[in-house]
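Per-chain residue numbering starts at 1, and chain names A, B, C and D are given in the order in which the chains are listed.
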Amino acid sequence: MSVAQADKTGTDPVNFAKAPVNANLSADQKLRFLSDMLRIRRFEQSSLKLYQQGKMGGFLHLYIGQESVAVGTCSLMGPNDHAITAYRDHGHALVVGMSMNECMAELLGKSTGCSKGKGGSMHFFAPDKNYWGGHGIVAGQTPLGLGIAFALKYKGLKGCCLTYLGDGAVNQGVYHESLNLASLWDIPVVYIIENNQYSMGTSLARSSSIKSCLAERAEGYKIDWDLVNGENLYEVRAKTFEAMGRARETCRPMVLEIDTYRYYGHSVADANAKKYRKPEEIEFYKQNHDPITLWENRLKEEGIATDEIIAKIDKEAKEEVAASVQFAEDSPLPELEDIFSDIYHEVDMGTEAGRTGRHFFND
Amino acid sequence: MSVAQADKTGTDPVNFAKAPVNANLSADQKLRFLSDMLRIRRFEQSSLKLYQQGKMGGFLHLYIGQESVAVGTCSLMGPNDHAITAYRDHGHALVVGMSMNECMAELLGKSTGCSKGKGGSMHFFAPDKNYWGGHGIVAGQTPLGLGIAFALKYKGLKGCCLTYLGDGAVNQGVYHESLNLASLWDIPVVYIIENNQYSMGTSLARSSSIKSCLAERAEGYKIDWDLVNGENLYEVRAKTFEAMGRARETCRPMVLEIDTYRYYGHSVADANAKKYRKPEEIEFYKQNHDPITLWENRLKEEGIATDEIIAKIDKEAKEEVAASVQFAEDSPLPELEDIFSDIYHEVDMGTEAGRTGRHFFND
Amino acid sequence: MPVITYRQALNDALSEELTRDENVILMGEEVAEYNGAYKVTEGLWKKFGDRRVIDTPISEAGFIGLGVGAAMMGMRPVMELMFWSFSYVCFDQIINNAGCVRYMSGGLINCPIVIRGPANGGTSVGATHSHTPENFFANTPGLKVVCPATPYDAKGLMKSAIRDNDPVCFMENTLLYGDTGEVPEDEYVIPLGVADVKREGTDISLIAHGRAVITALAAAHRLWEEFNISAEVVDLRTIRPLDEQTVLESVRKTHRAVLIDENKPFCGVSSQIATMIQEQAFDDLDAPVSRVCSLDAPAIYSPKVEAMQLPTVDRIIQKVVAAC
Amino acid sequence: MPVITYRQALNDALSEELTRDENVILMGEEVAEYNGAYKVTEGLWKKFGDRRVIDTPISEAGFIGLGVGAAMMGMRPVMELMFWSFSYVCFDQIINNAGCVRYMSGGLINCPIVIRGPANGGTSVGATHSHTPENFFANTPGLKVVCPATPYDAKGLMKSAIRDNDPVCFMENTLLYGDTGEVPEDEYVIPLGVADVKREGTDISLIAHGRAVITALAAAHRLWEEFNISAEVVDLRTIRPLDEQTVLESVRKTHRAVLIDENKPFCGVSSQIATMIQEQAFDDLDAPVSRVCSLDAPAIYSPKVEAMQLPTVDRIIQKVVAAC
């Protein structure tokens, strides 16, 4: 059933700021959210430049336009809460606390990258920060998030796993298998559909047949669901907090569908970025729904931020990015022999198991 | 939306016999349904004996108890209607018109079998009768039925594909992918969930988390669905006819969930057949819900059948079965070289493509 | 003869077969309105419309299964996998339904489907997007596997694959899409199961498929220029059916073979070729058959390093010099 | 020493490891209340309860993915596939998530999962249920593959597989579950990557894995009795990591090898072994390495005929006699 239908306490549009999880926020915390959103945007803007300079390979999926989703949801993570997402993974990575250095170095394929240059843009990981990536196969991460949450419950830890997927990913069967398992076994997983309305060049209407929304499919599995206006940081936090709380306390899963929008193409290689979406559409979102601008205005209204403060925060973000670019550029590439580490744990550790028998079959 | 909710015309429980598709049935047709159900049951009862005599290998999944579903639904197939099911495929095969001879011979692995002894119990096929099998991988047939229906629409033929699956099969992701595609593209497929309440030893409650029923998951895809009491042949036909009619006329898919029950184990090899279900439960169904007994009583009430007529029909069925056993026993096994035919069409036909390059790599 | 790209050659083949046979349709993610993630289907949606060229949701198991069902009904679906790596989410549909339905029906059904898309490493898209499963599908009796290396072969083989009455896995390469070559304007087809000697030689046979053929040709050139070694380059073109004769004739002439294979080594295509050669040409061999495969690790992202993970001209030359 | 079945040996290994390590759980279709489709997990649900031994819906991609996620968190899930054939509906989860997550995370994550179940033909369950994908998974760096032939090996290898910190594909055989053999009562483990000479011989090496080892031993017996040929039988036991040394030592001693492999021939495990032998023991070979594989067709149902589709003692003897 839709939570919105069920019970509106604390989720009445006008009240999101008053929701407990938002009401007690300090000015510093609120400014931190702005800083985090700006850090994501600035990080990606220069990564785009580097890509265009030919300093990266493969794919680069930019998160710009969706920052409020990662910041709003990941800012709620406690010590036993975990997160896992798809290939559009830079935003979540920075919010959970990964350094720009390790992330930028990964983009440039350097050995100082978070994945030692082996994963690239789609594969940022930080298990020490409860961040499990970064996955390239559409919806392939959806049962992994389920398993992470299963382990939490098994170990008796009160936590949940935020498991992100896109509006196109909902049509991979494994997501449905995961929903049934989550509900059948009471697994504390919170699925977050980041609905940016397109899967590559395909609009939601051309890829999904739905009743009223994508999250509603959860009904068939007796899973609660809710719709979230992603441009409103307070709403994102209020509704996600509720879902996480229920998961932690009752182990019940939930599906949140968060409306958002990406400004750039599906990936930087997307040649048709401005064909399947009218430039006016993109402009309209930038003008009226930019999550950063909206949050800045909100903070100004609340008297927390001034143009000066905002400029200062932005300047710090840009400086952090610049430093990370420098770090990445200065970092060494992996060596040829590095190709053969990080494949088998036993081999890497030089255990007896890792030394017994032939593991690699190079001519 | 549930059709039952939407509109009850012609589907009001008391009226199934009066539904157009049943009202005009001749006595012969009604007796034919009885004969078809008895033919399935007698066929399978002796196949069970043969299995126990060690004359078969592998699996034997008996349909006994579910006969009214195959008879009720397949009896509605017109020239452009097709059917495809899983491994519990004997009943549908006999109703679409496959001969007992070719079916029994297939069970014994004889070259006179419908699949020349290459497919076995799980793989009966008769494309000339619009019957596409017989598939062993749970839910693997669900997108195939979609493709058959897609081809019908593409060729401009007014027909549909009855695509059967079990209550356990609904938790394979590919079924959900198929539902989305069917609705998104208006494909005339009718999914029929034969809900016999168990997938092997697992009850529905232990395998599926649902709101009210399995078919209801179709809601999330904007697909109409309905529940059917499988023991009532009139109801099965009335509701299936409605679904097929809509599919033929509007190309809209539908999901029907037909309640039924299997008397025997999951397969004859099911060692626990009487452990996960109380013998009383099985007895209860046999006593109160046997589709054949219920139909016999109905025909008696209608003055169409007498004990003599029923006995005669049953006798004919048994004789047909006995003859098919004889035929199967007398038939030859495939030759060793037959292992290498029916793999590549081009090779079998001796075309140039079939003669170019090496196709088989036997030492 | 006109010189066109590998991409254009495929596009022409698809366009000609769509025109030729009403039963041919194209289906896949972004193949229609988007013109294809790698533009192989560019312009075909405009030309043939919604009915013939169809965009799908991200449901490979669902739409590949749909294609198999439609093929059983006599259609000739040409299904695009944006990457062959994504065959791993529809593996069952390809192997069990496309590959086994004819056998399990005792020959009552055939399945004239083509599944196509790129299967290659070397583009820094990471381990999950760089799989080369030609060995998996060629392992499967009932399936056919084609890996063209040039525009000419790509067009002629695609037309044969579409007209073939059995399921064909057609594996392209994103690094070859831009390569150019002569392709006749007149209609032609290349039968499956016929290898092609891309360069004649007398001292050693370099046997390869797909992009490895191009690498082998570059190596052969340098071997001649720098080492005076005359290398023959045999392009398998199709993996199953396999043209063993051409391979054996070459080895019986040169008495030496190095196999170039972008597959991972363990049970890669080259392991089958090596096994076949040593079994059928044992006495003709003056040296063991050796291999140059992708380095045996998941595909590494780091672009410069990944370039060294695939078979390189230098590694081929080392092997050849060692064998001669 | 007690004589127990292959099934019981596996059951004992699972029970001991469940007792030993709280992080070990069993999960799969019908593994708990039903005691396992093939009774390998019999009694374990009663003994360890709902929390440790868990029945799943028919959602392989979902629950194998769940197991991978739980393993990333430090659990040691032992996942049953009722048949390894069903790995084709969760192929992506096994190869991309279990197999690649360590690499793509630069070694930050490891995945101590065991995926187990039977992988064999010969039981008339038809083409879709008779797949033997050890070559597919062993092709994949990041995965390990184990194929035990005897109760003793099954127990010792299962315990090592569960304690191993990398993903292990453990492939059993429904035709071996009832086989009996001596298994010590005291705790023991068999390291992965160590082959076992199951019978010593001097004239020819028969190299096999899984049930083919049993067939090879029967052939070796008759070869000695009837032809006075002394055949050595090498059981690979694990496919990856692979004990090449033991294979090469045997071949260097006998100068001849016949590979027995229930895999399909094209790129089957034996193609890798043959390639390795001819490359590393070329000068020691007095005859080409030859193979006896499953006949190259989908598994036929007809029981008597299917028995001939797998490697038989007669086919082995023919090959050996031809090679000697």
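Criterion: a residue touches a chain if its C-beta (ideal position, glycine included) is under 8 Å from a C-beta of that chain, and two chains touch if they have at least 3 such contacts.
Here the structure is a predicted model, which means the values were calculated and not measured.
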Winner on C-beta contact pairs when B-C is weighed against A-C: B-C
Taking each chain's centre as the mean of its CA atoms, which one is farthest from the centre of subunit D? A
Between subunit A and subunit D, the Cα-mean centres are separated in Å by 40
Taking each chain's centre as the mean of its CA atoms, subunit A sits from subunit C at a distance in Å of 36
Centroid from C-alpha atoms only, then distance subunit A to subunit B, rounded to Å. What do you get? 45
Quick check: what residues of subunit A touch more than one other chain, meaning two or more? 115, 117-119, 123, 135-137, 140, 171-174, 177, 180, 184, 206-208, 343, 360-361, 363
Please set out, as single numbers or ranges, the residues of subunit C touching at least two other chains. 57, 59, 61-62, 88-89, 92, 96, 103-104, 126, 128, 141-142, 240, 264-266, 272, 279, 290-291, 296-298, 300-301
Once bound in the complex, which stretches of subunit B touch subunit C? 84, 113-119, 123, 125-127, 132-137, 140, 142-152, 154-155, 173-174, 177-178, 180-181, 184, 341-346, 348-349, 351-353, 356-361, 363
In the complex formed with subunit B, which residues of subunit C make contact? 25, 51, 56-57, 59, 61-75, 92-93, 96-97, 101-110, 112, 141-142, 144, 160, 164-166, 191-194, 238, 240-244, 272, 279
Spell out the residues on subunit C that touch subunit A in their complex, using ranges where they run on. 29-30, 33-35, 37, 39, 55, 57-59, 61-62, 85-86, 88-89, 123-126, 128-129, 264-266, 290-293, 295-298, 300-306, 308-309, 319
Touching residues (chain side subunit A, partner subunit B) in the complex: 171-177, 180, 183-184, 206-211, 216-223
Touching residues of subunit D toward subunit C in the complex: what are they? 61, 88-89, 91-92, 95-96, 99-100, 103-104, 126-128, 131, 135-136, 138-142, 240, 263-272, 274-275, 278-280, 282, 285, 287-291, 296-298, 300-301
